[in-house]
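The structure's right below; bear with me while I get my questions together.
All chains are identified by letter, namely A, B, C, D and E, in their written order; residue positions are counted from 1 within each chain.
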């Protein structure tokens, strides 16, 4: 029984949240990695694009809600996501057309695009705030839990509860689906292969008759979809606030790099590595140990390796260690 | 620092933010112009080409023609503009003057992508394969513009380069230099071109592979495909050439059959290393 | 336009902008912009050294600026003897133990090549360190926590804090560079981004050091206090002869004091940087930038040179950080944000002209001016448009709100426009 | 002069260099040939410090130099050129040469601030030396041209010129001939021979052009699959059955080259 | 003529979501004064906004400098965050002799700032609130709690003062853990706090920031189901979002007993401002105090404000509620005395900061209900 309690406590506080957070990071990192691989730069505007995508979805969600359209137990926002994606796609495609394309035509060095993306970051940052303001927005509705801690306790008679939120469930399922779809797309379809070819060697792709415009358009569309889905799921799970999305940039980058920039599998794994290391290393193991250990060995301290103040440092330490021993990330990315 | 201010990366190598692998040089966004009929010209005829990379002209009235099923070879000193001429023929740079016609049509205004559809295939000097993709995927990409079933062509290519059949599932980047060249030519052949352009296919390749490649090139030509290639292993190349061009400073200096040029003492001394 | 003409013209434009502020708004505002412009220019100089000269993509500027700020507290605040006796020694011992652990761990790896031994050393050392250190921290932080609760500083004149800030930043940069510049592929960017955040986290959470998020206010000044001047009859009299009221005169006097100090630092750094660039050292740096592999094969120790430039550039940012904290008169770790202290500085360098020290300085002034003045301009604009709109329309309100966010938008647009039409900046290198 | 003992360099499971042992004698021009992927460039990279070896040793004049970084090897007199010319493109030809010598006092940032006069003296000497080298290479008319604007062959000459700015003991050349016009290649060959005779440089060069190898090199080392297959004079090599099978072939090029 | 009054708040930056309401509340007070027609022979208060960014001292100083020297403001409502407030105070306000009334800088350290009698605040220093909260726990007989605070001077200061008061009473804090606002995820913080245990979780944060995130995350995982909340957590949005899950949780917020708060809600509702947002009451009071002090001093100068704020804020005099500024101005004009009570029962003590009356509330049926005033 005590062992069960230990496992439930661990799942409840470490595994479930880390899996959900990991999936959120993974979706974000996937977008970063795609842009890095195919369009060849790290997009510093990623967080702000995410904020924009979520913003559009929120506006549509409110509109649906005001018309009384809902999804029952599921959040209405899911219904609005396609519109959010469309809005984001318009924005990024327009940005690509007005800003990035010029540099690609000039055959600018990729680092130039990075700096340009910093400019775009500033602009999006302002844009999002001008449209919806900087406030906290709540747009979640529907059933909040798949199972909540109280019910779980009553059901199992255990001391510890286990809670799984609807959004956590949706996030994980979506992440799995999106990743499977993306893999299938990149490795099996003609367009997907042409994107890999373009990512490998632009000029040769051109000489094979692959249109760079199409590749870039498709890439941005996929990125817009990933970004919006990631942003909305994150917003549903926590809350929407542009500033938070900007702050997400860092863990997302860390995830993409740990996994190996340019490698989609890497992005997924990286997301989970970062999420688990953040949660597990700063976790106070006291409770779990109390259940799992015989009475005599029970710890008096919190058994916490590092205070949560530095949880952020943890992901960076992991990042550094990974890079020292595997400079191309866990999955050989493009940065050989 | 290059002349292009947008390419100024200040020596930054930071791979965690920028991915310099596979960056192209060709403007892929240009729109194609129209194709005009141009009857009575040789199969490929690039006449009086004048142009360059935006700065001064590199080509000063260079003319190259190839007939059906012929092998034409361009030789010349470094920096003469041989590669530039190839690129010009393939539409990878803007010509100020001159025209390119293929099979009776004026294609001067076409983009490289469009020329691929018109029946031209190009194997650049370097980075001419998709290293991260398998050999088979490389060939598939060669057939990207084709809507029909290309499996038969693929079989033909495997017959031509048997080693590739064994390595079809291997990433092309893991192959040796000679094998890569075979993949590169194979990729170009997948489009079923009528004209195959090769830029120094044998540079840095061991003698045995070079022989092999030349043999294959002759075989390809025998199937009726015209070949236009640049070579620094000039003597061996002229040996198999139906037509040879010596390019100096962007203009034709000598033209003749391969044998003629090989026999010309002046050409031998000045361009073929005695 | 030729470069020789362009530089003076652009600097004249900046002068006009600042003087214009003086005439249209107030001289105090103008001099304040000048002062922060000087500080920004120093920061931009540091980033330019790293990016413009050596191509090092440092997005951790914020961390070095913050370390400079920390230096001001550590140098100039009076020591807190109670805290020292409560646990100061123990903290120092803990820190020494921590450093010893890291060194022993590295030694274990270097000498024995045994990962397990290294991990064992690190873990044992870590717990020992926590045991000694945590108790000391608890004791120090308990000392009058609302007012002090930290060890205090050395009580030295505040101007000394500037070089100390440089040293502190240089030390941190050395460690970061040792780790990040040594990685096989260059991961400097992401490493600096993260380490800057870690530095801020340390500043926020280590209260014994500089009160953490509780801030240290009332830092000493290198210039007199306005109040003292206002109470000084001689000063008031002199102000009166110039036709100024004592308040304005005193605050102008103080601000000009800062201006002179900052200008001295800026000019000194600029001269040093220019001398270095025009020497064989500068030639070597250009060679390294052009082609690292070849430079390496030609006997240049590229990693060491990169480390050197990284340390120097970061030190300059540290000096600027110390100057800024001195000007603010307080250290507020919570206020360090990457958007403001990293990316904005980058905008200054890129817009000004990377690789050109004068360009970076120009960018520092220009962007800072806009950073401060875009807001009132946008408000003016919003008011202007609002006046045309029908009164009470919802647009009026949202327009006023939107004006607040124009600053970020403008910075982005300026960066994009300059990158597009003058990709090497307003004053390109050579 | 250089001795390589049982050198290995593996990439993952792949053995690019697999137990190579060879000697390069002082004063020789040693040729290194072998099929594509034989591991020649990898061997060069290990010797020149660009890659650490998996195992094995590199000895230079009795001193173990295994795994030293390139810049230290440079100061020991070991220089290399690159298959693709690595010029400093934004700098003039003169600057390309002047930056080479090590130990310039002006390369220390302190001296840049306090030792200006000494730097000026040193610079004057360097300038003269660089001009001499440019003369030697017959490209003195290009001294103020940006190196990026040179033609491919001229870049290779400049690359060679850099090795002349210091007293190199041994120079490693990776495929100087690839993509170079044969006539220009002859000029480069002449320069190499002169350096070898007049200045006593030792050379080791990778090359696929057997004619060029034949003119310059003695001995010739043949590598295959990561180890040394054969060694000898050019004629011995050309007659070696194994070498013919693995590398030379019996095709048209070889016949041509022999004839 | 016009009397410009500065409003320096972080319209951009971390608390950008609170500031519009705060500024609007301050402006509401000024509008009320202007519309009364009783203010200093028909002079008009003109609010001038400037962005403090909350975090960038240099930008805040520049903005304040502009307000003072170019717009010529005579007093400042602000700044908001304690960090920039200190900078503006020492770099702009003191040198130019401009009084500042901050509605939201609660750092205890500001009590000792060198202010030349120019700095006031309508938000109480956190030192007092910590004591109030500890008392509430004692009343409830709770002896073991976990604490989380937003990692800034406000959160840290409040947590410190609470913990010391609580421990003095014999309580135990199992773990005191900071949370950063605006961060991606709080599961690790909640996990450690849950592991440490405690009868409830004391949350000293902001209702639309990490504080809410912590509560949400704790509720979701079942780590805690009762919370004690500091003043930054008080907002209707919080109860609206979390609803019945918060039942049984309690906390304290600066409040005026009786009418003041209700009156404030009425007038803000009328004006279309969300009067429940954090620090709106304090902002209104700050602006009102400036106006009343000028009136009491009989002139629209900085000096008048600095000299009279304490007088109008404290007894003796007639109690003044929000919406009664016209009456107050009349009384002052007639030479009477006022004791401005406003929306937060203003009572300035010591170095010019609110003594603070706190409303001890408990959440029942998803609504705040008052238990007591402290």
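General observations
Everything below uses one rule, namely that contacts are C-beta pairs under 8 Å (C-beta built on N, C-alpha and C of every residue); 3 or more make two chains touch, one makes a residue touch a chain.
Because the structure is a prediction, the values reported are computed rather than measured.
The chains in contact with chain C and with chain E alike are A.
Common partners of chain D and chain E, by the touch rule above, are C. Centroid distances from chain C, each centroid being the mean of CA atoms, peak for B. Chain pairs B-C and B-D differ in how many C-beta pairs are in contact, and the one with more is B-D. Relative to the C-alpha centre of chain D, the farthest chain centre belongs to E. If you average the CA atoms of chain A and of chain C, the two centres end up 31 Å from each other. Our note on geometry: chain A versus chain E, Cα centroid distance of 36 Å, whole angstroms. With centres taken as mean Cα positions, chain D sits 46 Å from chain C. Chain A and chain D have Cα centroids separated by 49 Å.
Chain contacts: chain D has residues 89-90 touching two or more partner chains. Counting partner chains per residue, chain A shows two or more touched chains at residues 42, 108, 111-112, 114, 129, 133-134, 257, 307, 309, 312, 335. Chain contacts: chain E has residues 12, 16, 20, 151, 178 touching two or more partner chains. Every pair of chains meeting the contact definition is listed here: A-B, A-C, A-E, B-C, B-D, C-D, C-E. Residues of chain C touching chain E in their complex: 24-29, 32-33, 36, 39, 145-147, 204-205, 212-215, 217-218, 225-227, 247-248, 250-251, 254, 324, 327-330, 332, 334-337, 340, 371-372, 375-376, 379, 401, 404-405, 407-408. Residues 48, 50, 69-71, 74-75, 79-80, 82, 86-91, 95-96, 98-100, 102, 104, 106-109, 111-113, 116, 119, 122-123, 162, 166 of chain D touch chain C in their complex.
The residues of chain A lying in touch with chain E in their complex are 12-14, 16-18, 21, 24-25, 129, 133-136, 138, 144-145, 148-150, 152-153, 161, 163, 165, 234, 238-239, 241, 243-244, 247-248, 251, 275, 278-279, 282-288, 302, 304, 307-309, 311-312.
Those residues of chain A lying in contact with chain B across their complex are 36-37, 40-42, 101, 103-114, 190, 193-194, 196-213, 257, 261-262, 334-335. Those residues of chain C that touch chain A in the complex are listed here as 57, 179-180, 183-185, 187, 189-191, 193-195, 197-198, 201, 204-205, 339, 343, 346-347, 350, 401-402, 405-413, 415-416, 419-420, 423.
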